[in-house]
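These notes open a run of structures that come right after.
Below, subunit A partners subunit B and then partners subunit C, in two separate complexes.
Here is the complex of A and B:
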């Protein structure tokens, strides 16, 4: 046996794994990219052109606004919660409870989450009825829960815990000595945050926000269960394109829309990776 | 402590209490509302009627069984596919480890809604070979749980000395199959358990692939039920949620026990992307 063969032979053990992932991960991903450039079994740019349609652009914009809003709200509130956790005992019950709960709640999404909010703020939701009976206020309004504002609120429910999970390590990386050093030099609390902690934590904070953005942008199930009419955001437009044969005169629009999503996610994740590299320099 | 220090400390405590109470309410109120919603009677009073429906509604029962079967099959296939591969990579083909890691974490960056568009074509073939059963979703679910399972198992393998263990076994005459099944696997039991837990929790909560590939699982049926009988559907949601909560809390304990032995990160079951440390 030559050296090359001896080196390569054990790699045969990986064939089942690679075979499986080729069929169920690589081929579908390639199919999306290729499918975006096919229409009626022919190479065509018509689906890509359809991405410039006003309907698609508006939906994309809604998706971006929803993801950005829920990411920013989630990041700010999540960071506050994380800070409230770090300032407690490192091994305290409170901290363990909050981190466990966040681990669970960050996974909480989809139909269940949508129904939780319908049971709370839907037309006959518990809080809506309490508001109506006790305070005489109409929380339901004209059904804002089932629109973009409602989605922002509902997404926040899993964004805050996710922020706690990803941001907590950075806060943990802050040294008490930095605070003491700043204080011994006469810095006020504001100055400490403005000139020391703020700049140090900013890359981690922005990186986490980007991660939250990608998380909201990719979410489908929650929105699908909450919004049954119309397609205000991109994932729901994909649903529409998949379930009805022709949308905007295109039969392969779902592929182009999916490609659109991949492009946005790749851009966001690249920025995230760049920021993370910057962060890891200081906060270990 | 100076008075300024004491004042700062008080301010911090007030801030912490405010944050915990306000955000706590935000997280508890929807869950409490679900519980209240599922037991109330229009016009006043309470009933457990809708909870009893859970065991009686034939569609729901079928869906629960399907989802449990899917969870079981997914865990089985995931373990069979991933465990030998990951052990093998550490033992013999270390130069492939980056590629394997990249592929395992890739599903985190591809949204399920995107994956389903590409899977439609693949599933035409799956149906051709395996018939049109909801259980064929197993194939896609294995991909979905891959990143989480990979992280758990990787942490488990990192906490033991795979090479030394296998060399010892090999020098005593064990073949590679024995090394994997009787030496390495028993040593990473808690990692496998946590991989299985997170997989089960994910499969039971899965909606996107099932609904868009036109299969019925628990979440799809709950969603349908929501249109006709909202109180039963909320009861079912809450039940599935509690079940997932219990699983994931158990997972966090398994994770903690392992991390106590080795000072590494706890596997937080969160959709973090590939580049984190």
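Here is the complex of A and C:
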């Protein structure tokens, strides 16, 4: 075997990965970017211009608000849960239960999740019925579950466990010695958190929040199963542009909308990468 | 019915003879592909040698791909079963809950494969925007279909239709007589529309109905959007997509939808009543067409023959839909009068939108519906 071949051999192992990446990420991205600048088989900026339309802007805003809200709620509650877990025994029952439950629940989405909420908080959901019969309160209202507020609640359901999973390693990286050192220098608990743990964990916390934001921003199946009236968020507006039997010929607008989403996600993920670099410097 | 059979028999025997003659001349190994291309370009059963030859060609293909035909919609469940049984052809029903545009998308993405849809059942705007994808075909009963419900060449033919209606559960809400009743406090969180009107034909027609009932017209859909804004403001508009399951479980006590889909519920839920609001009868017919790239061209054509036969048309009626040949069948005495009598009563001149009116209304809706749906 010549030296060149031997050097190439490890790269060979990566071929399936790059092949996969090419087919499922690179080619679709190129197709979306190119498609966004085409209309009626000709180069055109009309779909890019349509992104400035009021309906599109408002939908983009809704998408950002929904993702931010569910990310912040998920990050705060998830971080608290993760902290509670870390303070327990490293191989205790609590930790093992919470981490495995989070591993499952973070992936619980789509139709099943939407159905779970409809079955509990829908018009004849278990909780709604109980609220009506036992407490005489109307939890259902005019169907808030099927709008933006409902989506925020439902998304939080998978955001919290995801936060636990991504934030736990950072908390694990905190060394007991740091706390001991701070205390032996006379730091109070507040001072320890304010000057040592806080600054150390903040980049990881913000980074995880951004990851959660991107996770919610790109989610489609849950919203598609829950929302049937209107297209309050971008992924649903894309669905509308592709499948509407009323307003036709919007398939390239769908590309432009997808491009819109790619831009937002690229910004968020760039920030995430920067924060991650900062975090990893400390928590090795 | 008898008359058609005898005619068909005559045609078959004539064509069988000519076919036999043709078969003698042609190279034998090409026969198979010949019969497929022949079916793909046939514009009537005659082109293939009559009904019998069509049936044989279809049976040879053995399968038929249909798409977006919900079993509870216009009786499609029974129709698919009856067709499969009558001709011993396997019907593959894909994505029963898909929308019209999905049918066209599927035909484009699956083009050239065995799984592509053979036939379409489309809403008006999607059908008229895609006539290039259709194979013209005239069924045996083509002449008894009124002019306004078909393309002169048979590129598309309306199959069944109905009127926009309000279905409601008499056990859960008070009697509905007009659209504006729905604004009352007793209907809080109870009124559902079948789909998003910027996406689905039924919901779109629902907004047109609301418009007509509130001083609008086929040219002016704005009062309809205003009505739904008021409905939403009153807290009555329920943003749930109604399905038989939501109706039967009581989640959607009032549903604005085609009268045939609403009427189909009464069979399962006896307290379910259907009204077509007086003076606001908005009609709509579906468009039936053959995919010109159909993987089973003969079966696709046989399916059309079946749908427009007296049997097929009465099956639509069984699902509460108004078959397109209803008038002709009524005068022939082949219409199932018992079923026809059960259809909700329509008072006032029906409103049917033209293609241009639909487009104007759709443009208005795409810009303004977000006021209602948020």
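To be clear about the criterion, the second predicted complex is superposed on the first by the 251 of 284 C-alpha atoms of A that agree within 3 Å, B and C clash if a C-alpha of one lies under 4 Å from a C-alpha of the other, contacts with A are read in each partner's own complex, and residues count from 1 in each chain.
Throughout what follows, contacts are C-beta pairs under 8 Å (C-beta built on N, C-alpha and C of every residue); 3 or more make two chains touch, one makes a residue touch a chain.
The model shown is predicted, which means the values in this text are computed figures rather than measured ones.
*Asks:* Of the partners subunit B and subunit C, which touch A:242 in the superposed model: first, second, both, neither?
*Replies:* both
*Asks:* Can A:17 be said to touch subunit B (first), subunit C (second), both, or neither?
*Replies:* first
*Asks:* According to the stated criteria, A:203 is in contact with first (subunit B), second (subunit C), both, or neither; which is it?
*Replies:* A:203: touches no partner chain.
*Asks:* Under the stated touch criterion, which partner chain does A:143 make contact with: subunit B (first), subunit C (second), both, or neither?
*Replies:* second
*Asks:* Go through the superposed model and pick first if A:123 touches only subunit B, second if only subunit C, both, or neither.
*Replies:* Only subunit C is touched by A:123; subunit B is not.
*Asks:* Between subunit B (first) and subunit C (second), which does A:74 come into contact with in this model arrangement: first, second, both, or neither?
*Replies:* Neither subunit B nor subunit C is touched by A:74.
*Asks:* Mind telling me which of the two, subunit B or subunit C, contacts the most residues of subunit A?
*Replies:* B
*Asks:* Check subunit A for residues that touch subunit B in one structure and subunit C in the other, and list them.
*Replies:* Residues common to the subunit A contacts of subunit C and of subunit B are 228, 242-243, listed in rising order.
*Asks:* Please name which positions on subunit C make contact with subunit A in the complex.
*Replies:* 99-102, 105, 122-123, 125-126, 129, 188-189, 193, 195-201, 204, 232, 235-241, 249-252, 358, 362-363, 365-367, 369-370, 372-374
*Asks:* Under the definition above, what is the set of subunit A residues touching subunit B in their complex?
*Replies:* 10-11, 13-14, 16-18, 20-21, 23-25, 27-32, 35, 77, 80-81, 83-84, 87-88, 94, 99-112, 115-120, 125-127, 157, 160-162, 165-166, 169, 189, 211, 214-215, 217-221, 224-225, 228, 235, 238-239, 242-243, 254-255, 257-258, 261-262, 265-266, 269, 272-273, 276, 280
*Asks:* Residues of subunit A touching subunit C in their complex?
*Replies:* Within the complex, subunit A touches subunit C at residues 55, 58-59, 122-124, 140-143, 146-148, 227-232, 240, 242-249.
*Asks:* Enumerate the contact residues on subunit B facing subunit A in the complex.
*Replies:* 8, 12, 15-16, 19-20, 23, 26-27, 29-34, 36-38, 40, 81-82, 84-85, 88-89, 92-93, 96, 100, 103, 106-107, 109-122, 139-140, 142-143, 201-202, 205-208, 211-212, 219, 222-223, 226-227, 230, 233-234, 237-238, 240-241, 244-245, 248-249, 252, 265, 268-273, 275-277
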